[in-house]
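The structure under discussion appears below in the form of structure tokens.
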Amino acid sequence: MFRSPLIRFSAVAIVAALAMAACGDDGSPAAANNSTAGTAAAGSAGAELPAAKLSLVAYSTPQEAYEKIITAFNATPAGKNITFSKSFGASGDQSRAVASGLDADYVAFSLEPDVTRLVKANLVAPDWNKDANAGNVTDSVVVLVVRKGNPKNIKGWADLTKPGIEVITPNPFTSGGARWNVMAAYGQVIKGGGTEADGVAYLKSLFANVPVQDDSARKALQTFTSGKGDVMLAYENEAIFAQQKGQDIDYVVPDSTILIENPAAITSTTKHPEQAKAFLDFVRSPQAQQIFAENGYRPVVSDVESPYDFPTPTGLFTIADLGGWTDVTAKFFDPKGSIMSDVEAGIGVSVG
Amino acid sequence: MADATATLSRPLFGRRSGLRRLNTGTAFGVGLATLWLSLLVLIPLGAVVWRAQEDGLASFWDAATAPEAAAAIRLTVASALIVAVINAVLGTLIAWVLVRDDFRGKRVVDALIDLPFALPTIVAGLVLLTLYGVNSPVGIELAYTRAGVVVALLFVTLPFVVRTVQPVLLELDVEMEQAATSLGASKLTTFRRIVLPNLAPAISAGTALAFARAISEFGATVLISNNLPFKTQVASVYIFGQIEADNTVGAAAVATVLLLIAIVVLFGLDLLQRWAARHA
Amino acid sequence: MRFIALGYLAVLIGLPVVLIFWRTFEHGVKPVIDSLSDPAVLHAFRVTAIITFWTVLLNTVFGVGIAILLVRHTFPGRRMLNVLIDLPIAVSPVVVGLALILVYGKFAPVGGWLDDHGIQIIFSYPGMVLATMFVTLPLVVREVAPVLEEIGTEQEQAAHTLGANGFQTFRRVTLPAIRWGLAYGVVLTIARSLGEYGAIAVVSGRLIGQTQTATLVVDERFQNFDQTTAYAVAVTMAFVAIITLVLINVLRPKEHS
């Protein structure tokens, strides 16, 4: 007699579960299966492309820039019939999402390893970065963000290891942005003639002055703007973004710093390769690069006007100068044993 | 949240509810419940445990006992224990006041107990950071200290003990306490000898839940803690870091250790209640 | 004693509540209304509502079923089931996301098979509902089970002797008896579902206008320094949850002797 309620329950539940799956599918963002009736040579600029819905998966900082770029793209003949589904989040999270099955046609991340992950997962072709810009669509540099008016008079890297100075930078094991910061801090020692040992020593002194390690660059910015710390390591475009949003900060471009290169690529699993390529081409065009510049990014093409003064540091270097991301990741950021894991352990032990 | 483990604390024999042997209906129900639980909880968690040992048990052990992992686990468990104990005491106190006392706005206060449930942890974290951060409007700076982590955990675990103890307190026959008092027992003795034994199963059930919640917390603590590896990084943030580094085996290893600790604590408290019920 | 309790609550809960409201309405009511009218925000509310609806429905049905099973029946492994019900609370949201992707992700065994048949779990509604159900699993069970225990089987047995079948007994005798425990469990599930962030963040894919939930909007807006919208959305959800909780508390008669 007591089994009936259970059986009734189960019937209701199974029906409900199936209904949910069905309804869920209706609302699910499966890639649109618009038929691309074979058009000929539609890749040339100015030709209209068949309608498609592209899935754009990017890191969070360029969200406003991409919204504007999409609008501009829709005004061109190539982009007229193309709609977008957009997703923005932390670069690593987004990259892992695509690797776990998030449908994407166009991906843009804040550092190359997030694309490499997709190459390894056979979701992006290995020759994605063989173009003139090595796959990058925007640049930036690591800067030193300070309080408005620079009360502590921070001028360069040497000031960061002074006693009593608090430096904010995220945890390089949870944040891609933090890795640019670390490599900038390390690289400027090397660029200035120091040895690897000097560079590591600098990292150790630097991290001894870091009171908080947030898990993402944006959280670090929140921490800094909420009043903690004297100087923060950040991307130049993040600093500009914060200033645009009314935060009371200034930033110093050090003489020697790393060129941050942000990659973008089309996935190999895209159902609309022509349209995706058209969008990528547009992103690299002067018009889109101008939009990036207005949002604080350094364009990768020349002759783009910008409201911001993007000074070129005398001692600018790139990740390639330091060995490229693959080597750097293994040497500096392997949690099982690397330069940064030693540095982090060193802080833990010394303060106990 | 009401106390459920107390439902099974009474011995099976002589229960008021009728005994049902494993008939078809029960078997079907058990099967369905198992299926449901499996699809939703057991198989996914099993996949995590599987991933943890995918590279072999030695690798699992290394990952789980790596210095940073061990530090994170220690901090998490220690903070959770502190928070559990504080909740056991203050939660019972609050439940007592809500049941036995009367004052204006009591119903509103009662409802607000569940606020930590309704607030996204990320918002809770941000609010706590604003309150106890560098520019604290109340002048208390707790952020980026271990105390800050404890406060964040206290916030998210508030409802557990309160809600487990409340219904039991409501049940409790005040006559026994009144009798004890009229016989000359002090309030403390009355509480200790009469009330507490009856509340013990509920308190321990609520404390177990508070502990379980505290070891899994991520959103509120990640903002208010300084997340320094080896020092103030809680286990869930460490796990996140491992995932970020594409080291899912390491992440799964620490997750498995936490799961085992949780199971041990939950089972332990279940046993405690059985014992307490027999000796009540 | 009252003062200790109320003082603790005032500091722990009261201060945050005051701060949230102050921060939300700092610049007046109009910016709040404007930010809540943003189409992306409205859609996010809709997504959250849909997920909450399904989570509550499924977890209620199975919650009551499991409660009946635990209380009215005996079987080997009953204690184990009882402990396992509480387990989801101990699982960190990061791990929930990881666990679900390992099984239901597109490149995972079960997920891959489903994907071949056109059913997408992760990065779609079913995945988000699964994640929310995971974290709210114990709530209904833990409210209904003690009440079932409480009321005993006399009435149910009486109904049976009078000729009622199982379902009639359930509908006419059991269900009314457990209704307040059930209601409270449902309301707690609603509250928790509205506020879920961590696990959903991993399995949602954050597709704006599609799988972005209200809590994800809160996160996004905070990160973009749009504090007004972030707080506005957070306050709205907390408000809905609190209202339902207050209603239940007010409506529930103090029936326990």
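As written, the chain order gives the labels A, B and C, with residue 1 at the start of each chain.
The working rule: a residue touches a chain if its C-beta (ideal position, glycine included) is under 8 Å from a C-beta of that chain, and two chains touch if they have at least 3 such contacts.
Fair warning: this is a prediction, and the values are worked out from it, not measured in the lab.
Asks: Could you pull out the chain whose C-alpha mean position is farthest off from that of subunit A?
Replies: Between subunit A and every other chain, the largest centroid distance is to B.
Asks: Closest chain to the protein's overall Cα mean, using per-chain Cα means, please.
Replies: Chain C is the most central one.
Asks: Quick check: how many Å separate the C-alpha centres of subunit A and subunit B?
Replies: 37
Asks: Between subunit B and subunit C, what's the gap in Å when you average each chain's C-alpha atoms?
Replies: Centres of subunit B and subunit C (C-alpha means) sit 17 Å apart.
Asks: If you average the Cα atoms of subunit A and of subunit C to get two centres, how far apart are those centres in Å?
Replies: 33
Asks: Do you know which subunit A residues sit against two or more other chains?
Replies: In subunit A, residues 1-4, 6, 9-10, 13, 222 touch at least two other chains, as defined above.
Asks: Would you mind listing the residues of subunit C that make contact with two or more other chains?
Replies: Within subunit C, residues 62, 65, 68-69, 72-73, 222 contact more than one other chain.
Asks: Mind pulling the subunit B residues that touch 2 or more other chains?
Replies: 20, 26, 29, 32, 36, 130, 240, 243
Asks: For a test of understanding, state which residues of subunit C touch subunit A in their complex under the given definition.
Replies: 50, 54, 57-58, 61-62, 64-65, 68-69, 72-73, 101, 105-107, 111, 115, 118-120, 122-126, 129, 160, 165-167, 169-170, 174, 201-202, 205-211, 220, 222-226
Asks: Note which residues of subunit B are touching subunit C in the complex, please.
Replies: 1-8, 12, 16-22, 26-27, 29-30, 32-34, 36-37, 40-45, 47-48, 51, 90, 93-94, 96-98, 101, 103, 107-124, 126-128, 130-131, 137-138, 151, 154-155, 158, 167, 170-171, 208-209, 212-213, 215-219, 235-236, 239-240, 243, 248, 251-252, 255, 258-259, 262-263, 266-267, 270
Asks: For subunit B, which residues count as touching subunit A in their complex?
Replies: Those in contact with subunit A are residues 20, 23-26, 28-29, 32, 36, 66-68, 71, 129-130, 133-135, 143-144, 222-223, 226-231, 237, 240-247, 250.
Asks: Spell out the part of subunit A that touches subunit C in their complex, as residue ranges.
Replies: It is residues 1-6, 8-10, 12-13, 16-17, 20-21, 23-25, 27-30, 55, 60, 63-64, 85-89, 93-94, 97, 100-103, 121, 218, 222, 242, 245-247 of subunit A that touch subunit C.
Asks: Which of the residues in subunit C end up touching subunit B in this complex?
Replies: The touching residues are 1-2, 4-6, 8-9, 12-17, 19-20, 23, 62, 65-66, 68-75, 77-79, 81-96, 98-100, 102-104, 108, 110, 130, 133-134, 137-139, 141-143, 145-149, 152-153, 157, 181, 188, 191-192, 194-198, 215, 218-219, 222, 230-231, 234, 237-238, 241-242, 245-246, 249-250, 254, 256-257.
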